[in-house]
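The structure is given below, and queries will be raised subsequently.
Letters A, B, C, D and E name the chains as they come in the text, with residue numbers starting at 1 for each one.
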């Protein structure tokens, strides 16, 4: 019973992190048509950034968290302006740029901080009772922040002016331009929000789990799965598929040993992809 | 009948693009399929050539049921076609566009191609020669080495026809061959189409330029996916009611 | 047909690319006094004179012995190996301060040639080739873990004596035919110490849950089962295996807890996985002791309050009252608080003593002598051979006393070092 | 595919035969300088072992030969419009199909290497069938996950595959590296010749046609599915072959060499060299693999910065890769030359 | 002159699409460009909206050169294109589509007023305000496209083939709407191949053939020109 409860908590939390990452990735993909293969590296860098702020500069966790996210968002603006825009959405060239960016970030953190596994100190130490079960307080905190953020994102996309513009560009770029929507600004916003969300995911992961320069690689694969399975251009789908992946990776390790988990989960994803090549929630 | 469709119907989701459409094309005829934009003319072509699966109905070619065949199989049977948009291999030169379309006659097997056998070389030499001939016929010989994407619109159209001719079709489906052409180009095109017929190719043309009436033996008018009248050009032109309803009153005046 | 022009340009470029380094390679080959024929076993190390820029006048007169080192400085395994690089350099410095390696009355200054194994077998192959073919080295230290799969064949073929930091028990890494392969630490003995310490400090423990990274585990499994039995414990349930590359280790922790064991034993893994599982276990409210190879300050730093009830092996700290003298000296050479794995440095240390014992710079002679030795000094105290039967080689794998510490409530308590059981 | 159609000689010839003949002759004579340069290069590489025997450069060059073939085989798949992110996996299938019988059944390498190549081809062709439904980005992502699945299966394969640590003890083909050099070099020449033949024959034309417009291609009788499967089978044959030879050369097969990271770098070789030209992969391998090995060896851990910088420079300044740039330059020069000619003729 | 396209030349890829065309639209007028498919009509509108750049020539808006401006800046000046194929946002509700039309406007009151105006003009849209645009019928989508264009408070509304794929009854309605819009003082540049519709509402017209203007003049003159009748009216 206890293992079941713990599994449910794991599934939900993992799902929330995947969804945050997936939405960030999807913003960039849908608006700019760029498969941001550096998303995992951004995720990792943000986790390290937060670690540095807390441990090296002694900032309290609650201050370091927003600073990290804002810094990532600002970095996103720079990346959009100086790396993505000159590539003119050419698939091959953006791929090269993303891999270069990812390589630089990973190498840098590996060179200077990669000599041991680190962890961001907990925001709220200790555990909290949840009925008869005990749960790490940070997990509850992360879960709450995650849910608040998800609601915030839904509202942002559905209700705000910028959200509507982003959706418009996603659905019909030329039509959007004709309404006077400036693509470059919306693209910048999308990349910076995308990087910000990746940073949030990174800080969560860095706090709850551990920090190495290579955590991004694993997460990137999950995010790709998520976005493709949800369908390009889909927003709602990310929530469902994020939940599904959370379930796969939160629950399967309980019943299956080691590498079999990855094998089974990836076969499942591939099968789904072959059944519905355009994803399950994508338009058309 | 060379080509015959029976009760051809196509649905896209809830939208019925083509409904119960029947058409007959006899060997050696030029048949025009006319109608306003969005009437479903190109959809009919795509159903005949197997690009879209048919919702219901049948397509018969030379008495054989070809419903549900893949586009390349349809091409192999002898139905060539041109496209309204993107009708070319843009990155190929004009000449390559034509030579690459010589897939069926003469045909070289994979073995021949890979090992560059005598037969393959002979075939290729023949193809090169024939391609020049075809380009000469459609008047594109001078631009043979230009990239297809750099051609002006009218030339691209003609190249589409050249490409279709390379398959040596028995039936040629032309999708708006006259659009984007100036009157003198139109005259040459009409002449070219007529000479193709004289070489024994049966032709079905989709057009909304009324000048095509000069060329056709028979005309089928389609609107909203349904055939609304059929007959000789004179008969159709005389059918005032149809014309005014679907093309505007000025067509009649 | 317009292609010809650029094809020519390209070809010229490619020829230049191929010819220039080739010429450079030829030039280099002529410089060295040894011939490149690998069959010539008498070829010693390249005794070039020391670099003139050396500031130390005492060592300036010494000849140099280049020793190759393979460590993964980039990619995922650098979490382990980047720290090793610093320490092996300190050990080399230590050896040089002590007058270098003394062979036939001459002193040789140790100069390390460190290559990056890139955390992949491909990278290790390249690194080994570089050391063997390019630098013509006759002695190599490393790599660690299963990367020996890639390097062993190259060393064997070129008769290069190599001391692996530790290995993954794959027969391809070390078997009766790999006569030039030596092992700095027999990994089984390390785990024997872990169980012994567990039994010693938690006498009530009757059964242990075994959780391991899955890839190397199959090779270790029979040995681990034997160890558990020999220590007088039983396994709680079947071993729990997990993939190295996962984000969330909580499911693993939940699975371990569900076995309800007296203690948890994690023999194989890397720090991130250990920490993840311990963190998970403690938040789940698991109270029993956990043992795994740790670096005490890292554990405390990464786990905070969760760092309790941990039986750690292999933590090397200056404040450890039981610490062996050479290890203490190594720690004091840099920041004493740093994270020391101490496996590659130990391999180098062993190699130095083996060469001196053989009194020769010929790898074959050293090997023959080494196979007769039953004791050698290590950084951890006196070393002894282990696993002669297992590897089918006499005295090729070595073991040494293992440091032990207990961590409770974030406090580290050092315990006397444990002499592990010899693997048959 | 039987060949039934006879050439119809009754067609009227509008172009004199001599004109066609002239064109061919001209082409041949222009090819000569390129061929002689190529021959020179082959000669130099064939004689190189005399100079660098037993040196590390030999290993680098062997590796280069392998990767030139693998990157080229990826490009062959790509000319049919398929951005296949599973080429590493096919290499892995070849490698493991060779390594497993070699390690566990002690089969001779002369059997296992062809076995690896054939296994990769068959698996590639079979998998290509369902994937032929996917196009563009969906195909790329589908194959990305395909590669991921293959690696995961290898990793979950227990003792048989050696899991993530790799499978050691694969029997070597030769004891002397020079033989490997010639084997790899020979295989590269043969493979490149095959690929050149494929690309510049009618098969390559078909593939390129499909890549540009599968609808137009179908309308002239070029089947999309069969040609795409053919491309994948052809590419995976060479990938599998090289994977198999490479694992015998190295003595191990490890999933790490065939994963997403490895595949992405193979693709980077092609993109850097130029995806639109036959020699692009070779140039890319030279740029990203050979040059860092030869000129930046002392950087060690900082080496990734160099490769990242190369990628950025190429992405920013040469959208078509290095060969693309060279081509553009020579094209411009020759066009200016030609224009001069034409204007001279004009009245 | 209100809007003036002066000797513009446009290339698509490398092929010539519009060749040295001059078109003038007077303030408050309705001008039409007719011609066959592929004659370059749409290209002219796209160049005017800033979706394609000019190879040569100028575009003047009240004497000011606007051919280097971004699309958004042209929309801000009041040049709004209702594109061919409608280019709606199919997965957004009708009301959001309309509001996006007013992206550049900041006057809340003005937007509300415009909204009321378009709902008056197209009562059907009001009924379907909450529905996704993609679920509307063809005619409703065309109305939505025009309404969205009106939301930007245009001074020149460019309509590209508004009659495509519409039933005859609806085509009539489109004609009425254009007249109604024009009555409000908005200039209209109409591109049509339905010459009947186009010449019915326009005061002035241009006939385009392969990227060149071959005939221009009053709507009536065009209607009766022998050459035009022959080429485009099936005479």
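The rule is simple: a contact is a pair of C-beta atoms (placed from the backbone, for glycine too) under 8 Å apart; a residue touches a chain by one contact, two chains touch by 3 or more.
If you're wondering where the values come from, they're calculated on a predicted model, not measured in any experiment.
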item	value
Partner chains that chain C and chain E have in common	A
Chain B to chain C, fewest steps along touching chains	2
Most distant chain from chain E, judged by the mean position of its C-alpha atoms	C
Per Cα centroids, the chain farthest from chain A	B
Leader among chain pairs (count of C-beta contacts)	C-D
Rounded Å distance, chain A centre to chain B centre (Cα mean)	50
Inter-centroid spacing, chain D versus chain B (mean Cα positions, whole Å)	38
Chain A-chain C separation of Cα centroids, rounded to whole Å	36
Where chain C touches two or more other chains, by residue	74, 78, 214-215, 243
Shared-contact residues (touching 2 or more other chains) in chain D	155, 163-164, 301, 304
Chain B: positions in contact with at least two other chains	none
Full enumeration of touching chain pairs	A-C, A-D, A-E, B-D, B-E, C-D
Chain E residues within the chain B interface of the complex	13-17, 36-39, 138, 161, 164-165, 167-168, 193-197, 199, 209-210, 223, 231, 233-235
Residue ranges of chain C in contact with chain D within the complex	1-15, 17-23, 25-26, 28-29, 36-38, 73-74, 78, 114-116, 119-122, 125-126, 129-130, 133-134, 145-146, 149-150, 152-154, 157, 168, 170-173, 214-216, 218, 243-244
Partner chain A, residues of chain C touching it in the complex	74-76, 78-79, 82-83, 213-215, 240-243, 245-252, 254-255, 257-258, 270-272, 275-276, 279, 283-285, 295, 298, 301-305, 339
Touching residues on chain B, where the partner in the complex is chain D	49-51, 70-73, 75-76, 80-81, 83, 86-92, 96, 99-101, 103-110, 112-114, 116, 119-120, 122-126, 128-130, 132-133, 136-137, 163-164, 166-167
Residue ranges of chain A touching chain C (in the complex, touch as defined)	2-3, 6-7, 10, 14, 107, 110, 114-119, 121-122, 125-127, 134-136, 139, 205, 208-215, 217-219, 222, 249-254, 257-259, 261-262
